[in-house]
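When the chains are written out, they are named A, B and C in that same order, and each has its own residue count from 1.
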Amino acid sequence: MTETPLLEIKDLRVGFRTGKKKVLTAVDGASLSIYPGQTIAIVGESGSGKSTLAHSVIDLLPGSGHVMGGEILFEGRDISQVDRKAVLALRGSSIGLVPQDPMSNLNPLWKVGRQIKEALVANGVASGDAADKRVVELLEEAGLPDAERRARQYPHEFSGGMRQRALIAMGLAARPKLLIADEPTSALDVTVQKQILDHLDQLTDTLGVAVMLITHDLGLAAERADHLVVMYRGRVVESGPARDILQHPEHPYTKRLVSNAPSLASQRLSSVRAREEVREQAVQTAAEIAEEIAHSDTEFGEGRKDVIVVENLTKIFTLRGAKPWQKVDFAAVDDVSFRLRRGTTTAIVGESGSGKSTVARMVLDLLPPTSGNVIFDGRNIRELTSKAERLKLRRQMQPVFQNPYASLDPLYSIYQSIEEPLQLHGVGTKKEREAKVRDLLDKVSLPTTVMSRYPGELSGGQRQRVAIARALALDPEVVICDEAVSALDVLVQAQILELLNDLQAELGLSYLFITHDLAVVRQIADDVLVMQDGKVVEAAPVSEVFDNPQKDYTRKLLDAIPGATIELGA
Amino acid sequence: MWWYVAKRLLQAIPVFLGATLIIFFLTKLRPGDPILGLIGNKPVSPEVREALRDQFHLNDFIGLQWLYFLKDVVTFNPDFVGLDGQPVFQKIGNALPVTGTLALLALAMDAVIGIVVGTIAGLRRNGWFDSVTLVISLILLSIPIFVVGFVLQFLFGVKWGIFAATVPVDWNVTDLLLPAFVLAIANIATTTRLTRTSVANNMSADHVRTARAKGLSGGVVIRNHVLRNSLVPVVTYIGINLGSLMAGAIITEGIFNVQGIGNLAFGAVSRGDTPLTVSVVSVMVMLYVFMSLIVDLLYAVLDPRIRYV
Amino acid sequence: MSEIQPATRPGQERYVAPIDETPLRAIDVVDVDAVPESQWREAWKRLRVSPLFWLASVIILVLAVMVAFPTLFTSADPNQASLGKQFAKPSEGHPFGYNFQGADIWARTVYGARASVAVGVFATVVTVVLGVITGAIAGFYGGITDTLVSRLSDIFFSIPVLLGSIVVISVINNLYPNRGFWGSVFVVVLALAIFAWPQITRQMRGAVLEVKNLEFVDAATAIGASKLTNLRRHIVPNSLSPVIVSATISLGVFIVAESALSFLGIGLPQTIVSWGNDLSDAQNLVRSGQHLVVMWVPATALAVTVLGFVLLGEAVREALDPKARKS
């Protein structure tokens, strides 16, 4: 074969100036090659340098970023050394970019069509009416229906998926030879993600465009690319044919990724077995606790088998209409019923707008339902009138929220955050409370030295541990995890899921687990509720949903788990 | 959008009523016989006195007096007179053009200088131009307007004679350039800072990077994707200032002896002329309400995401 | 296992990096040695290295000493005036000479600091307290409470501060003349604060609206915190940053406003030594361009003071900038 690579990166080093003489090396000696028309994927966790590597190719490094060494050969020419004008000539016309976040990457003040036209004009592809016509063709090509009207709309009139399609049309507008796709779908719902990636695949195939796909998801990478580059801490730790790497990972980091990525782990039978063991132990512990509650007068609840029963829960939001006197009713949650068995996990799965988080908020008594009941251990929470009773309910049911950056008060130290519930409920003396906080930190595997630190100094995963510790402070029976692992890197995600499992087995907790990602469900849940547009589409045990889904929508969600079709090694 | 305009105008009614009520009651609290002030401290016969009190509704309940006043203001009653017996709206009508021109000139200077300088500083964040601009704008913010006014008046008016030191009654726009600049100084400093921050933030926005990735040249990126986006908050700030500029004119008009609203208001307050004082404040409040509505609508024009319902 | 794989091309052969090159780290490990840093401490760390902050601190410190111990700066009596010394030249202990009334210019400037600073500090305190409370209530409770507070603040906001203050002061001046030092300061503070609080209200309301939807507020509710506890413990403290910046800057703005009122002859009474009064006295001289020192000294003192607070505000803004925070 005498083919020459389209892009060849040799021993690239990229750094950011952080002080007068301090340089932080973000990419340290990375090498890779892409051939014309080929799709390769760069996989890594946040901070691994994968995006920095991609941006250095088109000289769009943010802030003080700069290439410190190595070569970037595009069609044999080192473009890290050429002047600004030459790079400008490459952008758009030879190398296109599809950025990560569709929400922030379109200029909100210009019509979408105009923004695509700009790319055509700037690269001398077309101008005037011809360009307008071409814009519509490009949008159609990117899979946007009704393109002519859409071109005349503003970005805020588009959904996330539509915006991403517009960005793809933009990136391919001048028919580049290489397209850099930087996590192009990580901000989108799973089904939309699949649609868009399928379309991109097909499009780049027909056009013969080479794609450099940047992603944190190994499953997705392996499914979409034939060559993989795994990055860790600024270096390429492993690269080679995708299937080969997935089936025979060699570097310990890659091995770790392969064994932990939820999208891959969800297919393994081992994770099902592990979950079974957890449940057995948890149900047993929970039963013992229930026994105690049933015989106690002071405890809240009756020790029933179903710790939470939700009956016909409905939430209707009234929105303003086009005229001041017009009101539009919108059913965010429509007649939802389910049971949470003591010591088990029920997962509520749905995409954005499905109403799953609204259900969580109503169960937590943070939002009053329009109709329907939430019954906690035999007590209807709407019928609790006294303040003391309500406080008792709060002790039994605690949330862990999605966003690790917003779920802890940034002004409170970790100690204060975890101690607050104890203090509010007047639990113990100051000394006893401190001992409890230490104990809780130990439970979530954090060193006690973090007590005096602040949320801003911890990583996302660590904050989520603190949030779990706070939730456990009052010894609740139920923990409601609202997308608790969604914002985390895959490895951290796996670690937190494991922690949640351990805690459940040890303390006999019951979880209501809200997530958009069906992939994590198998490792944590026993029953699944699939929601769409406020309604329950399917409710069944996990194994049934995975092995024998009854509804099209559930099947679609399952199909959208990346990497599900790839056969794995051990 | 018309619903929005209607709603805003409706909301403006309590603001207008409340503001006039407050000022009306405040000025009524002032001790002393308004009639004495009216005829220049001369003794008056009880009959004349009563007639005057009747004419100004001074014998009525204070709330009723306010309603009478409202009626006159809302209808711009040409026969509505101040305590000096002169029609209020004629006076305001005479004073408004000069102050209006002054404020608009100041607004224009604020917009042009503030935006141009702020943009250059923002594009070269932390460069020498940015640093110098920062220092100058902070100093300008710190010096009282009347000190700057006197210094500039002395230098340009008295010493070098480039501009007239004071503004004559039959003024023209050139006479107002110097006072307008003095009036605008503090705002220019703020507009500059605001523009600079806005431009600098936009330079690192995601969509700007995407525009670069499309292959647009630096100039086009700045013109199409940085400037307009940066101007949205700046325009709001500049627009909302017309009211405060008219109020700031009290000082500037004092320095340059401009016979405008500021002078009129100050004189009215000093004399305890309730009808005139409250009328001037009413006009200012109406102006404020009007300008903030304009600014909001302008905002919607500049930013398609904002739709008022 | 599928055995049909595309032949690897040059540069894409299977590569595994030597393990010792990038040793594996434990996942999500805590840096045990790190020093705890609250947001305020972090802000302070950034302030400490800001030249603006140090310049501002020096100015404000000198000012504070001048207010507390004026005799350290001058031994002359600011109220002693003799016509014989009208516009007398500087002499030993009287560095800037004498003014129109024959009083020591420097002594008047030193003693004048007290009135200006008093007005600035108290007007700021009143404005901030009023604004924070009303803004927090409006933003937190929403609904009809919000509408009422917002309309009320709109009313006061629609009247320009300077114009409103003139009306208030002129009324009170006529009602209660001769109020002494603190009485006069109180009136000016009141007059300025009445029309200035809505600014803070709006800012606070906006900040509270943003903070109250954050997840830690829900988390606090879920552990049983009442609405008021939540507001006091979590929402208000997290909404204060923008208010702190405005308060610092408005301190300077109030000092300028006081001098503007005095310039119009309506601020502090003539009997009180203040920068505004001295500047007001100097205005006629300036028109003729003579004895400019009478204006320069108090004007410079005033400008430097205000600059101190504006600089401090600017430095604090940079230190509290959420974009600069690591998150």
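Keep this in mind: a contact is a pair of C-beta atoms (placed from the backbone, for glycine too) under 8 Å apart; a residue touches a chain by one contact, two chains touch by 3 or more.
Not measured: the values here are computed from a predicted model.
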Max Cα-centre separation from subunit A goes to chain B
The pair out of A-B and A-C sharing more C-beta contacts is A-C
Taking each chain's centre as the mean of its CA atoms, subunit B sits from subunit C at a distance in Å of 23
Averaging C-alpha coordinates per chain, one finds the centres of subunit A and subunit B separated by a number of Å equal to 50
The distance between the C-alpha centres of subunit A and subunit C, rounded to whole Å, is 42
Where subunit C touches two or more other chains at once, the residues are none
Interface with subunit B, subunit C side, in the complex: residues 151-152, 154-164, 166-168, 170-171, 174-175, 252, 256, 259-260, 263-264, 266, 279, 283, 286-287, 289, 295, 299, 302-304, 306-307, 310-311, 314, 323
Counting only contacts in the complex, subunit B reaches subunit C at residues 11, 14-16, 18-19, 22-23, 26-27, 29-32, 138-139, 141-147, 150-151, 153-154, 158-159, 165, 201, 243-244, 246-248, 250-251, 254, 265-266, 269-270, 272, 277, 280-281, 284-285, 288-289
Per the touch rule above, subunit B residues touching subunit A in the complex are 3, 7, 204-217, 220, 224-225, 228-229, 232, 302-305, 309
In the complex, subunit C touches subunit A at residues 1-2, 5-17, 19, 21-22, 24-25, 27-28, 30, 32, 34, 36-40, 42, 214-216, 218-225, 229, 233-234, 237-238, 325-327
Subunit A residues touching subunit B in their complex are 58, 60, 62-63, 88-93, 96-97, 99, 101, 104-110, 115, 118-119, 122-123, 154, 156, 167, 170-171, 173-174, 320-324
